[in-house]
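Okay, so chain A shows up in both of these, paired with chain B first and chain C after.
Now for the complex of A and B:
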């Protein structure tokens, strides 16, 4: 069906510039990454074809598995932390207790600060000797507080903690919007039926916001696999490789050790993990229906 | 009735929870701005107390660069150039494509729609290495245009989708009237539709701004020459070298964080509404 005006060519005129851009900067590099993953390349030398060598090495690489494991730990803890905390914060704010508006703004504020600044700032806050956190802990009588980022046992957990601090406000604001969308009649009917607060929360509010809950969970999982900034700003993956994640390992392999073929193999692995999750997220958010009406 | 006192206790507990978490969330940010306003001596002597004599010295020093090579003002300027350049380009291309998809039927349109979803789902990591070399080949590394192009491409799928759905709901009657008046298709878009869509275009731009201003990975790779760094990359380079000068470091962080905080306080509604979809990138 034509809308009754314009020639077909005009449509292309409108859409082609944008799609050319995406072809050059998204599709071409993606294909190039895939090809490069079968080569060995230092960036200056000639590329040599090595077949599946990079992937074989990857599967034997202790650091790769460690990074993947850290990504998984990051995923589970940060997702649980932000989503659960966010849900309770949303419930609390939704009560509209005096000052609710202020709390809502305050909880969301850290989401607005770049992860890089948050990471750097928390690096100072958690400084074992000069930082205020350990200063407070010492005042409270803890004579040898943790080394946080300086200790391989606590580095990853510290980063996850900071991530929860920064992002709990995100699910809060989304879930709050979903809760406010629940029709008043439903609440009124429940009140007439003598429903108590507990039942209202778990039998009325929770089931109604469950789809949104699911969406944020998937979004947080995707974010957890993509994570780079906050880890880079806080520890660069250290001490040792204790807090390394795939994104940081990719960066180090390719740009620090100039093993571009190997880095490309890590990139392909990340693509295989993240891409399907992203498609799932797009389905959940119905973004797809935007295009398919 | 047992209800009344019980309800009071519940309300109190909820309030306690709200206040406690607000303290946890606010403390680091307050600490950031407090410390940035202290002298180095005071930072050492009173860790937690507010500054006795608040000073903007650290900010001035950081802004001018002090005894360092590159002042923060340069990083800031780079970020302003890259972000505003991207937003301009992105909004133009995104609006045209979104409008084109919502108004015209042409062979291959189906494919382009599927492609949009595909492009949205591609993680930047999977393109990092080739983009780096590709830009290098064309002299676009340490070049504003290079980063602007990359950002534009990666923010386009989201922008097009948003504007597509907006234009789909835009009244076509206006355009038909303009057509009768003899305007060309491009003329209709640029002179009638676009000016009337300022609200939608700026809403999308506000959400995009937050992400683009804070982007690290590409900026870190592409802008590594000192005078070309964006502010996000710039603050990172103070780590290590100037770790001891807390006042200076905190002032740079405070400056870097300010634009998005201010933006949020002004445009809360647009940002929180667009966040669920916009933060996907």
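Now for the complex of A and C:
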């Protein structure tokens, strides 16, 4: 339906506030960050143009590659954990297991709590001496339970575990909606054909929610890659740099080491990694709309 | 109708004029960190406002010290929203950037007129003199670190006698390890602190550095990052590496509480306050915090042990607690009046009564100190006069060098890195600063 000129103008007017918001709070900072990445700046002194030196240093920076590696580990494990667990939780609720309404609320509640609060709370729970987790483990006969956040071997895994606990409820809700949209006739036909639970899940439910599954996976990947709050609240990237991620390294470079230009270069690197994923997400949502039409 | 409107307008104007104060009040905004610093400034501001009713002093307290205020204040100071005055750390780090960016008012006139040149120690005057010869801040309180606070009941239970040496520290590393062993055998953790916040580990390292490296070489470590400096000693040399190895040895000998690398500053204190750790490392400011959090805890203090026989342990004095006036303030005279008051004997004594942060002036009455100081602070202060003090390494060096060292120490203590690679990384950063490629 083509709009007349007058109606087009009104349309632009409605879009204008959102456009201005994006221009001021997204486009402008993005452009400024990109420009800043070519400078050396302490945050308060005069900026010195250094060209590509920040990026050259980035490629040689051991901590940058370590942070990138940790980001990949975090992204893969937390995405797999939240989406797969979310799928099975949604399945359990959709199949109306006993107490399903209670589980639906309980699994979604942590999603609504701030990441920083969750990080601080779990920091106390995981205290090796005073925390209840190790207290229970000692009662179960484990005399030397892990140091969790105080051990470089378990610090990142602990953060991933907490993230899965907090965010499994989000894919659960999305996938639950998709599952509940499956026509009842299909389930009835399957029942008549004598399918068991596993066959129903794998051959009926999963194929029909697959587009949503893919979308939520890409979304979780994007969310996971830009993680900062929970890592900062739980370990600040430590012990040492064992749980450092790009968001934390960016913060430290800019605000702790007063190398704002270098921090901006890290931000640009993050953008270059996340942007293709965002394009993929947009492409998948367009595909979904085409399929539905 | 017009007449009524005119009369109403005139009446409103008269009411408005009458409601205006005869003299407009000046409001100055002062930012600072939370805790004893804020308490002290608030108490001083209250008395100042009583004496100066035409000046309002608003103390803006940040949400956190190391995590919030330290990294963010320099950016705020450069913004249109900057305060009139601020408390900030005067050391080799972000303060130098503030001075270089021309964001602070010089205070040379006050140093002269108020006699601060005589009232403050020479070392403080040198510390506060910037490369251009001017002073842009004034030291308001001094603290010292690291202290080791010990639970007297646990020590008694474990059959441990606190150190009896003149420097209030165990006379050797072996004696120290024996004490650690007795504490563990009694079922307690030895030294607890929040290693997640690397600066605390930095303080332990500073103490070991003072006990293992002669002062001449220490002075070189304080300065060998400066552009064009010819270093006598480098971070890859044995002088530095021996200290890193000692820190690692302490960890391996069980000096630190289990899991300390995963605890924050308050969580590290929690173990001590709850009676699960025999000792707790903090600065002199820790006395006030412990009195608040554990009023019934009977604790004493000591210094870390002597390591090398030829070097006596000393206190590490930190005189970086500075007050400054931001350039461009519209109330420069009022700010100077408040600063004069803060540095007056009256205000310094008041601040000391309110908190355990020690006054910076040398001419505070000793009897008064004895009267109002916490007994432990007074003991420490007397001992400091007796055995002397040095400077912590992470005080004068650039932010990046200090902050990076904290991460490297954490990695070393968690087995991810050797002392040699710590030295190499620090030397690479120092070399970058020396060559001017900051």
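Just so it is clear, the second predicted complex is superposed on the first by the 266 of 293 C-alpha atoms of A that agree within 3 Å, B and C clash if a C-alpha of one lies under 4 Å from a C-alpha of the other, contacts with A are read in each partner's own complex, and residues count from 1 in each chain.
One rule holds in what follows: contacts are C-beta pairs under 8 Å (C-beta built on N, C-alpha and C of every residue); 3 or more make two chains touch, one makes a residue touch a chain.
Keep in mind that what you see is a predicted model, and the values were worked out from it rather than measured.
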First, second, both or neither for A:129, with chain B first and chain C second: second
Contacts of A:274 with chain B and chain C, given as first, second, both or neither: first
First (chain B), second (chain C), both or neither touched by A:137: neither
Contacts of A:43 with chain B and chain C, given as first, second, both or neither: both
Comparison of chain B and chain C by chain A residues contacted: B
Contacts of A:106 with chain B and chain C, given as first, second, both or neither: first
Contacts of A:148 with chain B and chain C, given as first, second, both or neither: second
Touched partner set for A:255, first chain B, second chain C, both or neither: both
Chain C-contacting residues of chain A that also contact chain B: 43, 123-124, 130, 255
Chain C residues within the chain A interface of the complex: 71-72, 74-75, 77-78, 94, 97-98, 100-101, 103, 189, 195-198, 257-264, 267, 270-271, 274, 276, 399-400, 403-404, 407-408, 410-417, 438
Residues of chain B touching chain A in the complex: 10-11, 14-15, 17-18, 21-22, 24-26, 28-29, 31-32, 47-48, 93-94, 96-97, 99-101, 103-107, 109, 112-113, 115-117, 119-134, 149-150, 152-154, 156-157, 160-161, 164-165, 168, 172, 175-176, 179, 185-186, 189, 210, 213-214, 216-217, 220-221, 232, 235-236, 239, 246, 249-250, 253, 256-257, 260-261, 263-265, 268, 271-273, 275-277, 279-280
Complex interface listing, chain A residues touching chain C: 40, 42-46, 123-124, 126-130, 147-152, 155, 235-236, 238-242, 252, 255-259
Of chain A, residues touching chain B in the complex: 1-3, 5-6, 8-15, 17-19, 21-22, 24-30, 32-33, 36, 43, 85, 88-89, 92-93, 95, 97, 99-100, 102-103, 105-117, 120-125, 130, 132, 135-136, 165, 168-170, 173-174, 177, 197, 215-216, 219, 222, 225-226, 228-229, 232-233, 246-247, 250-251, 254-255, 260, 263-264, 267-268, 270-271, 274-275, 278-279, 281-282, 285, 287-288, 290-293
